[in-house]
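Letters A, B, C and D mark the chains as written, and numbering starts fresh at 1 in each.
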Amino acid sequence: ADFKIGLSNGWVGSEWRTQMIDEAKAAAAAWKDKGVNVEVVVQSANVDVPGQIAQVRNFMSQGVNAIIINPNSPTAFDPIFKQAKDAGILVIATDAEVSSKDATYVGIDQKAWGAAGAKWLAETLGGKGNVVAINGVAGHPANEMRVAGYKEVFGKYPDIKIVNEVNANWDQAQGQQAMQNLLATYPDINGVWVQDGMAAGAWKSIIDAGKQSSIAATGEIRKDFIDIWTKDKLNSGASVNPPGVMASALNVAVLMLQGKELKEPAAAGQYKNAMYLPIPFIDSKNLPEAAKAVDGKPGYYSFTSQLSIEDAEKLFK
Amino acid sequence: MSADALASKPAQNAVLAFLKKPLVVALILIVLLLAVGEWLSPGFASPGQVLRLLIVAALLGIVAAGQNLVILGGREGIDLSVGGIVSLAAILAGNVMNGADGGILPAILVCIVVGAFFGLINGVGVTLLRIPPLVMTLGMLGVLQGLLVVIRNGIPSGRAAPGLSDFVVKPFLLGLPGIIWLWLLIGLAMALLLRRTVFGYRVYAIGSNEQAAFMAGVPVKTIRIALFMLSGAFAAIAGMCLLGYSGSSFANVGEQYMLPSIIAVVLGGTPLSGGKGGYTGTMAGAVLLVLLQSILTTVHIDESGRQMVFGATLVALMLFYGRAKAMRS
Amino acid sequence: MSELIVRGARKAYGATVALSRGDLHLKPGEVHVLIGSNGSGKSTLCKIVAGSVKPDAGEVLLDGKPVTIDGPRAARALGIGIFYQELSLAARRTVAENILLPAMPVKGGVFVDRTALEERAAKVIAEFKDVAGEGFAADVTVDRLRADQRQLVEIMKALATEAPILIFDEPTSALDRAQVDRFFEILRRLKQEGRAMVFISHRMDEIFSIGDRVTVIRDGATVATSAIAETNADTVIRQMVGEREAVFVDAKPPVPATAGDAVLSVANLSGAGFRDISFSVGKGEILGFGGLHGQGQSSVLRAIFGALAHNSGAIHVGGKPCAARTPAEAIRNGIAYVSGDRGRDGTLTGRPILENVTPIHFLRNGLHLARPGALTALVDGPLKALKTKFQDIGQPVNSLSGGNQQKVVIARWLVDRPSILLLDDPTKGIDLAAKSDLFQLIRSLAADGMGIVLYSSEDAELLANADRILVFNSGAVTRELKGEDRTRYNLYHAAYEAA
Amino acid sequence: MSDATQQSRTGGLGRLIRRYPFLPALIILVALLALNGIFEPRSLGFRAMTGLVSTYLALMMLAVAQTYVVFSGDIDLSAGSIVSLVNVSVIVLMQKWGGDGFSVIAACLAGALIGLACGLINGIIVAGLRLQAIVATFATSIFFTGLALTVLPVAGTPAPEAYWTTYGGRFFGIPFVLYAVVAVAIVLAFLMRMRLTTQMLAVGDDQQAAFQSGLPVTAIRIKGYVFCGLFAALAALCITGDTASGDPLVGGKMTLYSVAAVVLGGSALAGGFGTVTGSLIGALIIGLINALVFFVGTPSEWQNFAQGFAILAALMTGILVSRGARA
């Protein structure tokens, strides 16, 4: 192989992650058409932060050229990434930003992701109403960035009131329970800002309570939900965090390994090392297109998009 | 002391003894928590909301039924693998029925068989190989979590049949959804099993002194293996109901039931040492736990605050129960 | 020097009054015997003095001054050491560590002083060197010891405290004769040193050979204290049982019953701890197993019962081959087994008496449903036959005294009559009255056609009740005593000769 | 059990294992090292081994922490959240106090104190109030996590460079973590000789018996939890060194691993029997299993399963071997 790339994933609790890895593998295989042999080695398991650091070390022992990581912590990898870079290994993080100056982030801006949903919700509600938020895991960086995103947007609408925020740990059933409790205690909710799989749960509670006509809520991107959305004509909108981010990162990585230079160095984000990918948005206007894109796929399949090799090449000199 | 006072003393003691029963404690606490909930956020104790809470409690309570049996069987009996089995069952059930009512029955069968199968492995490890239950089921949890990844990679995940969803959330009889009736049925069955069958007597026997039970002809291993199989089966049933509750299966849905199912058992007055206690208390324990969690969701405070209050309240609640005897009595 | 007075000690567990008025006056330089039937409150009194039970009322005076004993540590500090009837050993620690557990020698304030530990333990162990038996050593963990050896460790642990006041709560129940003799030698020496000792035993001969004074306790209350020299067994027993008719263990061998057809026959049975055992038990016969402790008697009984594997040999029950691999199988074939170690093999701790009596009935009748009402009626007879003392059939079995717990365990075998009854030292810790009841019952069971094997570590019991005695030595039967041969002399001779 | 012949049936291996209960674990460890070496020779290099140790030092510490409660028959399900709490506290304090050498040391001391306090709370709740350890420490784990989230609501906040460059650095050509390992080994060697260790094991063996023997059982159990808190704090310091940042969720997953490590190391979960050495080995076994699964080339979707299965198998093997030898 010309390049050996290690993919590190530290959490296997959702289909999204599986799809992420599958798409990355497919992207690597696609380089063959360009005459480049890209070999990927994958480590994907439920591990804690030390466990994922060990994954990186294992890649270093194997002598990979690049490591693409979906990190379990934004800051914990600073020392190990430094060691990796010293060993001549390219490090790219995806899906969650890392603080290391020895790594590059290729993925979406989680804060903008949160803001996009909030903006849709605020506009749908006409700039006023009672809103609740159902968040992921408290203390998790992606969650906190998304929270910061919606807070900033809602802050701009004085008539929108966030009556409560709860955490349902990115668990669909917990999201459903939380929504249930919220509906019972706040009968006058107009909008719900909810992320990922929890959205499906929250919507189930809303539908069970017969309030789908009076409540607008953000949604998610799995085929299962898109089907219900279409069928029940839900008042929903979903920012897309495509599982293709790792594939995009891989394409960027290969180009970097080929020695190409970015037109604009990755310098966005709070850590000044990010290269943000566009965030697609699904609402009732483009829902049919999204539905078509996931047609025939299994229920857990997420609507996706990725930076093709050609798109990626355009970013380089 | 007057004769009157003398006479009333035993009566007082009887009242006190009654009030100290775990089930009574749990029921009183439930009422108390409902009042607190209603006071904090009006509407919390409305019949509709209570019903919805009961549905959630039923899910936990069904997992806790198996957990309860394993704990009663003693020898540090505990089943951490229920978390994995719940998830596995939810996924399998979704695939088997895949949105069709006709698939419900096969799904029930598949789930129970698979749940019982993993319970069987747990039971064999615990009895024949004599691995401590905590270790065996912890290891099994790791295996199951791995298996979930494999399965989700291999086969498409299906959807709950409408019939199943209706069973869990729609009123069925006397305004109560099917799952509540199922839970009550399980409660009744457990009570009969433990109090009116030889199996039940034997469960308590091995829980209190395994060696003595063995010498009295109790088929110790068979019983213990059966307990783990029942635990797996109950977890699987709960997993199916969970699928009905959320409509589609996903990832590690079951993990959130692992430790809470143990807490529900303990709050119900069954000590982890086994050989003592029953399921009625556990049902109350499950309701209590779900109630507490719900109250905390409705209160508008930071997640960190919620967790601190939750942890501290759990410790405080446990003070009402199962405090070990003082060594110097 | 160390005079201990207990006045009006009282302790109730819920409705059970364990001790209603415990009085004790212990003088320096004496062995003070405490005697009373099962459940009379002896252990409770001792535990109160040792600080492990909290009394409801009463006072303790040490050298005339009132003291508060609020825990075992406080008792130790006051110079009180104790041997617990149920032992207080850490099974996975070594003998040496156990002996010195209450007061580990340390250096540097926190580190175990191994040298001192070993030296001091060695000193105590040396006292029992030649009687402790095979496998006993300072660095062996307690879980690898036999029951009698564990009891020795508990004795050593009490002795190592070097406390001026020592309490021994049934320290000899598992010991063989040589061990008891050695123990008594030590007690006599301690007496010379002016220490005060409480000694509890249900064996009359021991009491009269070592005691100086005796305090009798009945139904939780101290009845009388008298000098041993001024009393006799008859008087003591009368005091123990109160109004009830005094009972005596008949030391003369009974007229052997004519044994019927063999209900149990064993041929060339060998296994771990026994070899080449052959015997048969006839209908109506009580066959005794004798010899020193741990010569394979228990193992043979457990092997027949399917609780211990055997390597070779044949077992026939009622003429049919029966090699039970589990107790359940043996029970289905009509075999019953009563273990002397009720804590381990007998009681379902914490469960109601009812549940403790029923398991055999379930198994033998292949039942699947349990009806508490019918069961209560069923178990009433056997419990009554044994004169079991209890308040309520739903009461946890461990709220009974040791002796009554044992009766409950025995009762479970009598609900459905077995054809063979194996008794493995069944009277350990049972008082004289209960023993007498039990043996009367056993005799009448035999008369009804049951075949009975009785292993007893008490020779008197064996001689008085067995029709025939097989003497065990090192895992083999070395002598058979029949008819007029059944004498104490012959029994000792056979037991002590080299195998 | 009641027979003399039982004694003679002990082979040489049996005696060795009774004396060194961690022997089976050690054999598994060596086997894993060999396998890792076969499938990826570089994983046995000095660099990789140092990396392994520095990454798993935290789990090793936490396994030691867990061992001290397991000795007396208890368990601490909050150990991981103590790690999180100490980790974020140390990070926040270092930042607050300026991040120079002195403040780093002061923050570390404060972290140790926090760990100790958490342990004390657990001890008082479990041993003092006599609640059941599994459920009570699960409850406190929720509490400690909440506390950690209050201290640092979101992962981040870099550690002062002085701290993590020390942890990851070398002195006289030898990596710092190896000094740390030696220091810990010495400390543990001393701890093993403490009377308290024997007392804990006696309590784990039979609590009532230990009490009746005059041991201060409650105090001993509380001390076990305090030790646990203290070593959990050390684990947090290691994690802080390896990750150079604070994360209120960092330790959450480590708890059950620490329990597994203790069992892998040959200690009895019921108490009364075991060694800290075994737990250290157990932690490394977990690390090596994870690495091996990858080096063998397991397809990604099977990796989690393979790890879970291998850990279960190792747990079983260890228990079966040591019991076979002890019987």
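What we mean here is this: contacts are C-beta pairs under 8 Å (C-beta built on N, C-alpha and C of every residue); 3 or more make two chains touch, one makes a residue touch a chain.
Bear in mind that the values here come from a model prediction, so they are computed numbers and not experimental data.
Comparing the CA-atom centres of all chains against that of subunit B, the greatest distance is found for C. Work out the mean CA point of subunit A and of subunit B, and you get 35 Å between them. Each chain gets a centre from the mean of its Cα atoms; for subunit C and subunit D, those two points are 44 Å apart.
With centres set at the average Cα position, the gap from subunit A to subunit C is 71 Å. Within subunit D, contacts with two or more other chains are made by residues 148-149, 153, 208, 211, 301, 303-304, 307. Shown for subunit C are the residues in touch with two or more other chains, namely 52, 71-72. Shown for subunit A are the residues that touch two or more other chains, namely 12, 18, 44-46, 138-139.
Contact between chains, as defined at the top, is found for A-B, A-D, B-C, B-D, C-D. Partner subunit C is touched in their complex by these residues of subunit D: 1-7, 18, 190, 193-196, 198-199, 201-202, 205-206, 208-216, 272-273. Here subunit A touches subunit D in the complex through residues 7, 9, 12, 18, 21, 41-51, 53-55, 57-58, 60-63, 73-80, 83, 99, 137-141, 144, going by the rule given at the top. Residues 12-15, 18, 44-46, 135, 138-139, 163-167, 169, 171-174, 176-178, 180-182, 184-187, 197, 200-201, 204, 208, 224, 298-300 of subunit A are the ones that touch subunit B when the two sit in their complex.
Residues of subunit B touching subunit D in their complex: 76, 78, 125, 129-132, 134-136, 138-147, 149-150, 153-154, 259, 262-263, 266, 271-272, 302-312, 314-315, 318-319, 322-328. The residues of subunit D lying in touch with subunit B in their complex are 75, 77, 125, 129-132, 134-136, 138-150, 153, 207-208, 211, 217-218, 256, 259-260, 263, 268-270, 301-309, 311-312, 315-316, 319-320, 323.
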